[in-house]
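In the two assemblies presented below, chain A is common to both, partnered first by chain B and then by chain C.
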Partner chain A sequence: MSEPLTCDVVVVGAGMTGAACALYAARAGLAVTVVDRGPVAGGTTGAGEGNLLVSDKAPGPELELALLSNRLWAQVAQELGRPVEYEAKGGLVVAENPETLDGLRRFADTQRAAGVTADPVPADRLHDLEPRLAPGLAGGVRYPQDAQVMPALAAAHLLRASGARLLTGREVTRVLRTADGAVRGVRTDRGDLHAPAVVNAAGTWGGELAARAGVSLPVLPRRGFVLVTEPLPPRVRHKVYAADYVADVASDSAALQTSPVVEGTAAGPVLIGASRERVGFDRSLSLPAVRALAAGATRLFPFLSGVRALRAYAGFRPYLPDHLPAIGPDPRAPGLFHACGHEGAGIGLATGTGLLIAQALTGGTPELDLTPFRPDRFPRTTKEAEQ
Partner chain B sequence: MRTDLAVIGAGPAGLAAALAADRRGLRVALVDAAPEPGGQFYRQPAAGLRAERPQALHHQWRTWVGLRDRLATSSVRVLSEHHVWCVERTPDGPAVHALLGPEQEKPAEVRATAVLLATGGYETVLPFPGWTLPGVVTAGGAQAMLKGGLVVPGRTAVVAGTGPLLLPVATGLAAAGVRVAALVESADPGRLLRHAGALAGKLPEGAGYAARLLRHRVPFLARHTVVRAHGDTRLTGVTVAALDAHGRVRPGTERRLPCDTLAVSHGMLPHTDLAESLGCRLDGLTVAVDAEQRTDVPGVWAAGEATGVGGAALALAEGHIAGRSIAARLRGTVPDPGEWAPAARARARMRGYAAALDAAYAPPAHWTDRVTDDTVVCRCEEVTAGTVREALALGAGDARTVKLLTRAGMGWCQGRMCEPAVAGLAGCEPAPSRRPFARPVPLGVLAEQHEQHTERGPS
Partner chain C sequence: MNPLELAGAGPGPAFEVTFDGRRIEALPGRTVAAALWAAGVTSWRTTRGGGRPRGVFCGIGVCFDCLVTVNDRPNQRACLVPARPGDVIRSQEGTGRAD
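On to the complex of A and B.
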């Protein structure tokens, strides 16, 4: 079975990133078909907390993308209204001791220079913002731009708003290419879809989809658990997490390590996420990971000790070796565009990614320089080198 | 504490296994959430109620007395009011994590060489308009009230739904003095006859129930269903209607029955949460076991309803086999199945009955048609059928995505109640859902374990 050329672009993946690509591509005037082997939001989108964070990002291309996405999210939320459960609640990063606070403040200075709003909060004002925080903290930084959406609802409603044709339960088995290498559509387990452009928004499956187009993209899964408590009246107002600033003076490199993000939700439960483990696609419960989340959360908010966890769920963040996503055209396969590998920040970075992809699809000048996100930036695999 | 065998669940399967293993010299801990052993089937009235004839409410009372007396003289350590939330695989064998007492706050841990999952099953109730009214109870709940509290749920009751549980509930309520206005069974009794061969051994039991229904003048409405429960603040009556061969309501057959209690049940589902977080292979909705009741995870056995709903006699046989297998395996020997041949024969026979009953009793094919958009499906999160249908229109193709888009199944009961309903509305087969915690666990308990494990250092 084969279908005539009925659309301008096929987006592979009905998660948050695919939904945003569909929305902006449709708004740029393109006819879009979204295809997914599972249902809407069936992968990483359905397993995350819906963080739209700028606070955890150091100056650089990812932060620029986060700031762009942040502005776009506010617009999208205004257009779509309540169903996506957007909340501009702001983030609060706290430090347990003066040394960590020092590091956090210096980190915030660099972010501020890059356009982030980051307000220092002295120790004696922390409880004005979060009355139930543990006592004895050294201080913190407030990030009003941090926000939240309900990711599965957001993906479903963005897809609906895009007006794209949605084909779920349909697996792409091959990306079709012409004799001279250009993309001409996809083959699925239920027929071909012909289009001059294909967007790889397949999340953790993005590496596999790239391979089905004949190119390599080293997307790997990184497991995370999220703990969900019983529903509570609003007690945690911001996205709250602790900074453990580890400065390695000798190497002049610095890394910000964080404890779990604790936040309330519109529906009542407090979410505690998320752990990071590289264990492949193993979904079984890791009690050590869940215990560490609980320990981190109760240290920040002692009242949580008596609150019950109802469930924990695992998700897989799709990451690339340099921890930046792949966004933009693939010069190895003209007509193939990538929008995957956002690791744990995919919901937050989705809108910016969608806009950049739409601009690339229509030949416009992208809002951001796509060079750091080039999909062909990784060394060729041995197999490719042989070819 | 450390033991050879931890049995989780003190119903028929767990009791039989614990006694069989104890007799063969194993140290056994019998872990159960209730204050007294017995499980749902042998649920006992609290001692404080001083019941004079609790046997009046029970079948197989002699079997229970035998088990109870053997337990009293055994070395089995009974750990009651232990609510197990997880069984963890550790290098030294399974670790059973429980919460103690009625508040379920204090942690307890049992380390064992082997664990038997005898976690039983729970009732399925499918939604219909009015099913959340006070006065609507599960059939098993009505039975538990009778057996455990010696109280009757109301004065006039309708017992409805489908499955073999409805008969003992209707006769039990009638015997306790409740007027049973009707037993409403959606299945066709003719279908039972098709399995008469397999059910031959069950016929005397069935005949006994029929006689008791007659004696108590309980009208039996086969191929009927409750269309709606009525009442403002509590139940005042139900509308019942006849079903055609396709499971649709036959127009013009609706009639109203006044009642203050509706006991409803649509069958049983196995409890598989602990098995799943241990990584045991499931066969459909049940824990997969071999002829010795072993799961595919070393050191983990399963018996009773968790491995397939089939009633107390089947659970006893499976538990007995599991206990003997565990005793042999823990001694490092290969058990001889010939030693438990009578139990194996009983198991085969009972599994035959269960399969025949399962084929005969099923909710009517078109039950979802009668669920109006304003009917609450998920009671914990107050999600209506209309909201579920909207999610399906948004692109949710399965129960998991419906849950993500609507929060159905995300509340206290974690979907135990609404999952079959959501799957039915989504038009897909019910699938086992992952519940890493078999019950809610305080974050403080988890955090404390983190400290302990971290202090122990890398091993």
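On to the complex of A and C.
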């Protein structure tokens, strides 16, 4: 067994959330070690699109976290510069018929009251914003606060900027606890890491890590496919999606849902994303899912019918039963903090989550009320009740 | 030694394709990349960022380095697309599409 390492906090998970937790914890003066059984951005972070969206969120705790996170992202992007491919491009949500447009406009009214900038766009102005949009759409709403980063690069650069010690290819097998239950570090397959605090940023595998600490957290995977086109000159300016997407994001249905989000990238390819289905950890390619994505995207942008899709990739969005993440200290295991379960919004919500975790770690007053994100808000399992 | 002799191959008669307007001969079954190589062409694309020359790298359809425009369709993998009689092959700059 290798020499035990000591630090102030061990962050489990080298994805976007773990990287942001490491950055803000280090800036708060803590000595941080990040450990991951895989590589940096090897899980959900490497399988997403890098959406920093406020547009798809209804007023409530998640939107507040998104607004905080978007402000922080703008700062982080200014510090780190171009390498994270941050683009404050804005979102454009379109409605295909008047009924959907009514719903979208009402939704935007509630968001506006919660601090979101949401500008109605009449049908005859849509093409000023997106010249290649399909004709005949009923109208839309523009969200200037929506932005984008390249998630794998962002995770890597935030980790580097944090100065944290990074241990990849090293699996946490157990969260170590003292006789009175307090966290004292983690056991890995290559030795122990000692710290009075452990942050669970294990994403979709956050439930498994919680179990290794002896507590339950019902994180479940929701599979999502993203289609990648051949590189194109700039053709899609905003993050563009149909208003149905919001309903899909909030849906409790297990069935396949595919309202497409279409966006250009700095590298050239257009990303078409947002299929959602609950199929456990099944990675196999679903032709119906990618076909529906392609069809939906082509309905929004007819020019895509002449563009080739180069590949598709899938990832697992970690969700909790009420579709809110778990952020903050776990009263069941003093010293354990959770930062996972962000579903498909984890890149966007990472900065705010990182700041809140750092504030909780240092005993500061969190910028947002953590009550809605309490990790112990779910009913206890039978096993826990017996203890 | 000629690879055809090495493999004891007896391909059908050659046909013509064009590369940037120049006529070149291709044998049946050859990919666009093989036809270009056989004609002594090893680079037919420039990169999007730095304008660097590119041709075949992996040769098996994985790396997308050998992209080329065939019959006005950009971003074809030269190493996978079979050459067909009369194909109009053009070298590609950047995305292969007008801005």
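FYI, the second predicted complex is superposed on the first by the 367 of 387 C-alpha atoms of A that agree within 3 Å, B and C clash if a C-alpha of one lies under 4 Å from a C-alpha of the other, contacts with A are read in each partner's own complex, and residues count from 1 in each chain.
FYI, a residue touches a chain if its C-beta (ideal position, glycine included) is under 8 Å from a C-beta of that chain, and two chains touch if they have at least 3 such contacts.
Remember, it's a predicted structure, so these values are computed and weren't measured experimentally.
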- [ ] Based on the superposed arrangement around chain A, label chain B with chain C as either clash or fit.
- [x] clash
TODO: Check the residue A:160 against both partner chains and state whether it touches chain B (first), chain C (second), both, or neither.
DONE: first
Open item on the list: Let me test your reading of the model: by the given contact rule, A:310 touches which partner, first (chain B), second (chain C), both or neither?
Closed with: both
TODO: Determine, under the contact definition given at the top, whether A:46 touches first (chain B), second (chain C), both, or neither.
DONE: first
- [ ] Have a look at where A:233 lands relative to chain B and chain C in the superposition and call it first, second, both or neither.
- [x] second
TODO: Check whether chain B or chain C contacts more residues of chain A in the superposed model.
DONE: B
Open item on the list: In the overlaid three-chain picture, which partner chain does A:331 touch, first (chain B) or second (chain C), both, or neither?
Closed with: neither
- [ ] Check the residue A:191 against both partner chains and state whether it touches chain B (first), chain C (second), both, or neither.
- [x] neither
TODO: Choose the clashing stretch of chain B with respect to chain C from the list 96-104, 168-176 or 258-266.
DONE: 168-176
Task: Shared chain A contacts, counted only where both chain B and chain C touch the same residue - done: 230-231, 308, 310
Task: Sites on chain A touched by chain C in the complex - done: 230-234, 268, 308, 310
Task: List of chain A residues in touch with chain B within their complex - done: 14, 38-42, 46, 152-153, 156-157, 159-160, 166, 168-169, 227-231, 267, 269, 272, 283-285, 287-288, 290-295, 297-299, 304-313
TODO: Under the touch definition given earlier, write down the residues of chain C that touch chain A in their complex.
DONE: 48, 64, 67, 74-75, 94-95, 97-99
Open item on the list: Can you tell me which positions in chain B touch chain A when the two form their complex?
Closed with: 86, 88, 105, 277, 279, 381, 391, 394-398, 400-401, 404-405, 407, 410-412, 414, 434-437, 440-444, 446-447, 449-451, 453
